[in-house]
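In the two complexes that follow, chain A is the common piece, with chain B as its partner first and chain C second.
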Partner chain A sequence: MNVWLEKQRHLIDFTLASLARRKTKNLGLLLAYAVLVFVLASLALFTQALRTEASFVLAGSPEVILQRMVAGRHDLIPPGYIEKIGRIRGVQKQEGRLWGYYYDPVVNANYTFMARPADEVASGSIMVGATLARARGLAAGNVISFRSYSGKLFAFKVSAVLSPDAELLSADLVLLSEADFRAFFEYPAGHYTDIALSVANPQEVRKVAEKLSTTLPDSRPILREEVLRTYQSVFDWREGIMLTVLAGAILAFAILSWEKASGLSAEEKREIGILKAIGWETSDVIRMKMWEGLLISLTAFLLGFIAAYVHVFYFGAAVFEPVLKGWAVLYPRFALVPTVDGLQIATLFFFTIFPYTAAVLVPIWRAAITDPDSVMRA
Partner chain B sequence: MRRPSTLAFMMLALLGVLVVLIFAHSWQLTVTDQSRLLANRALVTQLGLTDLSLFSESRYTRHPSQADLHSALQDHPGAFDHFPTGSLISPPAHLNKPHERLAGKTTSPD
Partner chain C sequence: MIELSQIKKAFNQGQPNEYWALNGIDLTLEAGKVTAFRGPSGSGKTTLLTLVGCLSRPTSGRVRFKGQDISGLPERFLTEIRRQSFGFIFQQFNLIKGLTALENVILPGFPTGRPRAELITAAEEIFEQLKLSHRRTAKVEWLSGGEQQRVAIARALINNPEVIIADEPTANLDTALSREFMAILEGFTAEGKTVLLTSHDPLVVESDAVHRVIGMRMAVWSTTKKPCFSSQQSSPY
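And then the complex of A and B:
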């Protein structure tokens, strides 16, 4: 075993000395390789962190949201609707929600207004999201007025600004009392925007949704699992867009590395010829080149992955931020919780290391089995 | 003088240890991260939120999970944005232009 290990170490020593003779070329390749891994790993880490964060926090959202559809569009829930749901078995709690949108011409942004019970937000007061507060320069105790869609001016006192840690969920949120909400939007009494349902047994959620569709044929139940799936697909397609943009660069690198790995330079051919002439076995030459491929690709992978982790979780993915995060007038500031998907990284590891190491072997084997004399003369 | 292979192994071992630390770091959430995530989940439960507040330009980007299914410009939640919000286009310059924030500083309601 020791003899085998010592032999491998000598091969690695020789390989490194050989790489050092073509230092600029090999360092350039290592850098390009590491940058490619960095880009792909940054993308994977960022989208995975967003997906994980979304699925963790939205796991607390209502089990079923029931909308009413009129002519294919979302419409208000009329009085009597909630009572009908109460008769469906399995529904533990149903609550009419009141929420809507308001365009604020001062900052050219849309806000989400949401009614809360009087014990949470007093009449005449509002609670606002931290991003909105920043955009309008608001703090607790300030007074702000909004002109409603009917043209009336409503003044509200800011009772609190929601935690900046929750910006990802509440950037544009304005919480106000039900009475204020109805007065501001002139919402008809007894009507709601939609209904949030909680189902006692998670196994019964689909059954309850079926019953809702039968009892209220003009309704559209949205299950929590659909909400979670939506966010998976939203971030999947953002990742997909970025990969499409990068496809050219990935292909260019594949061609570069294939060219480097599969085409032997005259100098490399002469080197192999000399090694064969002084008594190296074909298998030794192949092993030496295999070590070369493995050392370059492994170093590039590790460097690229570590740099990507630091870039995403300590520098906010600054390089790809505009593409991965997108933009909005009221864009939340948020830090992602570090998450690494082992399978995703293993896939990246396989697809960056294996092809290069394999591509190195074919031309070496071809050169190593030919006569040393003809290789050296070539 | 050290053999080149020793140096290479040392460098790979160092990088390997860093990768192991990264995995350990990501698996073991810090107390701050954990309490932030739990507080956010509690907020979602309390307010009955359904969506992340990322793109507030249109209804179907603010609440993609609640978007209408089949009406024009309100396609299914996984569809590509029609609005520039959340897309690859950068925001128009006037939205980034800094201006004096007077809100909250005036004596009369603004």
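And then the complex of A and C:
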């Protein structure tokens, strides 16, 4: 065992000395490889963090949202619908929601207006999302006026700025009382935008959705898990777009790494011949080169991954942010909660270390099995 | 110590450029002596050394080392024998550039798993004998030809082999350095080591340090001041 360990130590010593001897080649390789890992890991970490953030935020949202459809389009919920739902077993609570969009020409952005019960937001006051507050320079106590679609001017006092914790979803949100909402949008009395339903047993959500479709055939139930899945798909899609855009660069880096890793110089081949002639076995040479490959690829992986982690969680993924967060005038500003998925690291590790090792191993094996007498004939 | 019987070695066998470097060699080499193989280029001297030194296998025939037939052994076992029993001094020295003299010398010891400290102590003793201690930390490309050769000699000795194989050891040295090398050779025989070398340098083959000269030619031939042994090789042509 000691002999084996000592041998490995010798091989690592020699490998480190070899790496130091070919500084330019190995540093270039390390850099190209680390950049490759950095790009892939940044994308993976960022989209994973967004997914986690979305799940976290949506965890508090209702299990089912019911929309009414007219001619395949979303329409207002007429009076009487909420009462009908109340008779469906499994539904714990139902609440008519009022929300809509408002275009603010001052900052060229769309806001989401949403009515809240009077005990949360007093009449004449509003609560605004942190991004919106920044865009309009608002703070609690300020007064802001909006011109409604009918041309009337409404003034509201900002009672609070919403917590930045949920800025991903509340970036452009304006919360106001139901009375103010109906007055501002001239919303017909007794009508709602949609209905939010709470279902106590998660196993019953699909069954409740089926019952809703039967009871209210002109409605469309939207499940929370579907919303979550849509978010995931959007992030996946954006990740895909980013990967497609970067495919050329990634491929170039991959080819560069492969080329550098797999190309054995005449000097390296000569060295392998010498080592074999002076008593190294083929397996010693392969093991030594394996150590070399492992040291380079692990270092590059760690460098690339740590750089990606810092880039995503400390600098907000500045390089990929516009594509990955989405296009909007009001960009939510939020700190991503660092989340690292073990499977994701394992996948990235496999797809970066494994091809590298394969790239290194084949030419080394070819060089290592050559007859040692070639050295005598050089 | 080493017996060769009916040794043949072909290169590119079965191809249009097939070449028989050795064609039926019968030879016995004694232990503790210096044997020189002399002959023109292409006479098979180096090929013979590679067969004896377990660097390659004969196409046919038998090589026996201390009574054991080594001609058919798998590569792993040949490497083991080569590492334990043979030390090589190559014509071009074949040192690894970028490493120091000391690092080069201890390289053959790595596969043995001997502790690094022990290898360094052994290397320093050899450097002392070869009067090269002052250059042990210098990178080999900074060394003169003579110093490089002494590093190559030290590397050949690190595993304390019974047989030293030197291929044209003085080809890249001037007369003074060649004489110095022959003096080192005498030291080897004093320690009981067997030395096999190839050379067509008269200074080597006519030296008193060499006990036996074997002439290698396509036809059987040899002439020296010493008792002469010709390889029994017949020309394929």
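Methods note: the second predicted complex is superposed on the first by the 368 of 378 C-alpha atoms of A that agree within 3 Å, B and C clash if a C-alpha of one lies under 4 Å from a C-alpha of the other, contacts with A are read in each partner's own complex, and residues count from 1 in each chain.
Heads up, the rule we're going with is that a contact is a pair of C-beta atoms (placed from the backbone, for glycine too) under 8 Å apart; a residue touches a chain by one contact, two chains touch by 3 or more.
Keep in mind that what you see is a predicted model, and the values were worked out from it rather than measured.
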Quick check on the superposition: with chain A as the shared anchor, is it clash or fit for chain B versus chain C?
fit
Using the superposition on chain A described above, determine whether A:Ala318 touches chain B (first), chain C (second), both, or neither.
neither
Name the contact category of A:Leu27: first (chain B only), second (chain C only), both, or neither.
neither
Once the shared chain is lined up, is A:Thr112 touching chain B (first), chain C (second), both, or neither of them?
first
Comparison of chain B and chain C by chain A residues contacted
B
For A:Ala17, is the partner it touches chain B (first), chain C (second), both, or none of the two (neither)?
both
Please indicate which partner A:Ser145 is in contact with in the superposed arrangement: first for chain B, second for chain C, both, or neither.
first
Is A:Ile306 contacted by the first partner chain B, the second partner chain C, both or neither?
first
Touched partner set for A:Ala358, first chain B, second chain C, both or neither
neither
After superposition on the shared chain, which partner residues are touched by A:Arg9: those of chain B (first), chain C (second), both, or neither?
both
Who does A:Arg97 touch here: chain B (first), chain C (second), both, or neither?
first
Least CA distance chain B-chain C after superposition, rounded to whole Å?
9
Across the two complexes, find the residues of chain A that touch chain B and also touch chain C.
9-10, 13, 17, 20
Which residues of chain C touch chain A in their complex?
46, 49-50, 55-56, 75-76, 79, 82-83, 88, 90-92, 94-99, 103, 107-116, 155, 159, 167
Given the complex, residues on chain A that touch chain C span 2-4, 6-7, 9-11, 13-14, 17, 20-21, 267, 270-271, 274-282, 284, 371-373, 375-378
Chain B partner contacts - residues on chain A that touch it in the complex:
9-10, 12-13, 16-17, 20, 53-54, 56-62, 65, 67, 69, 72-74, 95, 97, 101, 106, 108-112, 114, 116, 129, 131, 136-139, 142-145, 153, 155, 162-163, 165-173, 175, 194, 196, 220, 222, 226-227, 230-231, 233-234, 237, 241, 245, 295, 298-299, 302-303, 305-306, 309, 322-323, 325-332, 337-340, 342
Please output the residues of chain B touching chain A within their complex, sorted ascending.
3-5, 8, 11-12, 15-16, 18-19, 22-23, 25-27, 29, 33, 36-37, 39-45, 47-59, 61-62, 64-66, 68-71, 74, 77-78, 80, 85-88, 90-91, 95, 101-105, 109-110
